[in-house]
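One chain, chain A, links the two complexes that follow: it is found with chain B in the first and with chain C in the second.
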Partner chain A sequence: MKPLLRKLAVLLAVAMIPASVSAWVFWQQGKWSVFRDDTVPLSEVAQWKNRVLWVDARPAADFASGHIPGAVRLTEEEWEELLPELLNAWGPDCAVVVYCSSRKCQASGEVARRLREQVGLKAVSVLRGGWEDWKGGRR
Partner chain B sequence: MRSLLFPIASALLLAEFAAASHAQQLRWESEEVNLTPIPTDAEAVAHFKFKNVGAQEAQITAVNSRCSCTTPTLEKKRFTPGESGEVKVVFTIGSKTGLQEKTVTVENNDPKRPYTTLRIKVAIPEVVQLRPTFLYWSPSEPLTPKETSIKIMNGFPAKVVTVESSNTLISTRVETVKPGQEYRLIVMPGETVQPAVAKLTIKTDYPPENPKTFFVHVRVDARK
Partner chain C sequence: MSAKIQAALGYLLGALFVYAGMTKALDPARFFADIRNYDILPWPAVAVMLAFYLPWLEILCGVAVIIRPLRAGALLLLTTLLLAFTAALAQAWVRGLDISCGCFGKADDHPGGYLLWIGRDAGLLIVALWLTIAEARRERTR
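What follows is the complex of A and B.
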């Protein structure tokens, strides 16, 4: 029995080498961005007492076919054209939550980063699951 | 018999990996491309080359991008065994800065790997960094000056040429912190009880062919 266990342990150890390399490569490539810490689920946003300013980071056609009530659009492609409307709607008491199409899209993360780093807004989050989660009735 | 367990298991694992790696029809030279445009570039272009290494004709059924900033193009859709092709992705830089990561999904008729995600990473050099680009005075705040930091990045020979305010109630002046490197934009709201907004246009002289312009937004809420 013992030799068999030893062989299994060796097999496991061998398997750990490519697994570790793979994990390191994925980490370097940022493919684990799903674990980014600025995302919030809809259930959490629903409990906030502050006014929420929804920011839609999707293309105009997607926004036109449906969006969260009261949301303003802002995309990196139309940054300077759309930013004034957001800044007019913003207030020091409100929390900004940016969303895009789904869990896989990246636009909301980029827009949120620029709102924090460049514009200087403080409370900016990304809606986990984006429009898909909202539409799916998980609010 | 037991002594054969390890080599057999290892051989089976290796065979499975080998089979998996050869199962796909399209073999990509690289599924990720890193681009480093220069400040004068309006766009960055990535070329994703592939080869049909399968025994059947490969058909690319769709090439989709999630961002309107990336335009993928494909010269043809059907590729005979051994034939090579390329997906060209044009990334429009616009006002973007920093590291941008975008993906393009290629759909094909290979049941073992019907989707391939191509990734482009674009490191866009920032010529001028303004922080913050929004200055706000709340109703209870005194109307004292606020400032935005202007930094010339990466040693670019850029200079701030002019600063224009869209609202005469909001005036500005530029102070030098480090010549050629760092400036301070002082913004002064006029004495008013009415709300006011302004767009400040900061013009530079770099790059000479197409000098970059930056903006700072100002909002003063009505006084209590």
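What follows is the complex of A and C.
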């Protein structure tokens, strides 16, 4: 039993070395901000003074059946085709809020992450509860 | 015959975990998002730690399964990890979360394949458990 525990301890401890180095490099590259909680409730967005650019990360059929007024569509699958429209609507004064269908979907988080990392937009948030919360009017 | 099958499965399992770990270690931000999507951990800081630590633990255990000295410990850890992954997937399925597995980074990015993911993890779990027991018996007879 003791040799097995020793092996376990060695593996668990050694894994900490590259993990710490990796975290340190990430920190040095200034990427640590990706770990902040980027979700905002509707009540908070309603109080913002900036112009809000709503980004709908749901499939086209869902968008067609109803969306937040003024929202532009952007999904990971149609990234190249839809991104120009978003960039046309975007301005340096606006805050981008991405939403998908509900709290149970991850599409908005992925789109927000790509907008920050690949497009370089700074003020990008995810609407907590998504379209479901908007429709429910939980402001 | 059984020893040869075990050796082959050991190499496969090890290589698979090295690959899985590499895909996650190369993009910790994405793995962090994948962990958060499971909606299990109430503390983001723990998800950050896991996003950096788990991939390297997988790589190390995968290598250790292939290269003998720490094999028994590595197999036990992989069995435990697979058990945890399967449980995490099952709870997400029950709760109806529309998420991607996150098991191989961006490589398996398609949401909604719970049956496939759980089946795959359960299969790997059986293999890992069998190899763990076999390795423990082998060590006892040494």
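Please note the rule applied: the second predicted complex is superposed on the first by the 103 of 139 C-alpha atoms of A that agree within 3 Å, B and C clash if a C-alpha of one lies under 4 Å from a C-alpha of the other, contacts with A are read in each partner's own complex, and residues count from 1 in each chain.
Criterion: a residue touches a chain if its C-beta (ideal position, glycine included) is under 8 Å from a C-beta of that chain, and two chains touch if they have at least 3 such contacts.
Every value quoted in this text rests on a predicted model; they were computed, and no experiment measured them.
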> Which of the two partners, first being chain B and second being chain C, lies in contact with A:P59: first, second, both, or neither?
Replying inline: first
> When the two structures are overlaid on chain A, which partner does A:E117 contact: first (chain B), second (chain C), both, or neither?
Replying inline: both
>> Contact-wise, after the overlay, does A:W79 reach chain B, chain C, both or neither (first, second, both, neither)?
In response: first
> Is A:M16 touching the first partner chain B, the second partner chain C, both, or neither of them?
Replying inline: second
> Which partner does A:L87 reach: the first (chain B), the second (chain C), both, or neither?
Replying inline: first
>> Taking the superposition on A as described, I'd like to know which of chain B and chain C A:P3 touches: first, second, both or neither.
In response: both
> Do chain B and chain C touch any of the same residues on chain A, and if so, which?
Replying inline: 3-4, 7, 10-11, 14, 101, 104-107, 110, 117
> In their shared complex, at which residues does chain B touch chain A?
Replying inline: 2, 5-6, 9-10, 32, 66-69, 92, 94-96, 100-103, 119, 130-134, 136, 138, 197, 199, 215, 217, 219
> Considering the complex alone, what residue numbers of chain A touch chain B?
Replying inline: 3-4, 7, 10-11, 14, 29-30, 59, 75-77, 79-80, 83-84, 87-88, 92, 101, 104-107, 110, 117-121
>> For the complex, give me every residue of chain A touching chain C.
In response: 3-4, 6-8, 10-12, 14-16, 18-20, 22-23, 26, 31, 34-35, 37, 101, 104-107, 109-110, 113, 117
>> Which stretch or stretches of chain C touch chain A in the complex?
In response: 25, 28-30, 32-33, 36-37, 44, 48, 51-53, 55-57, 59-61, 64, 70, 72-74, 76-77, 95-100, 111, 136, 139
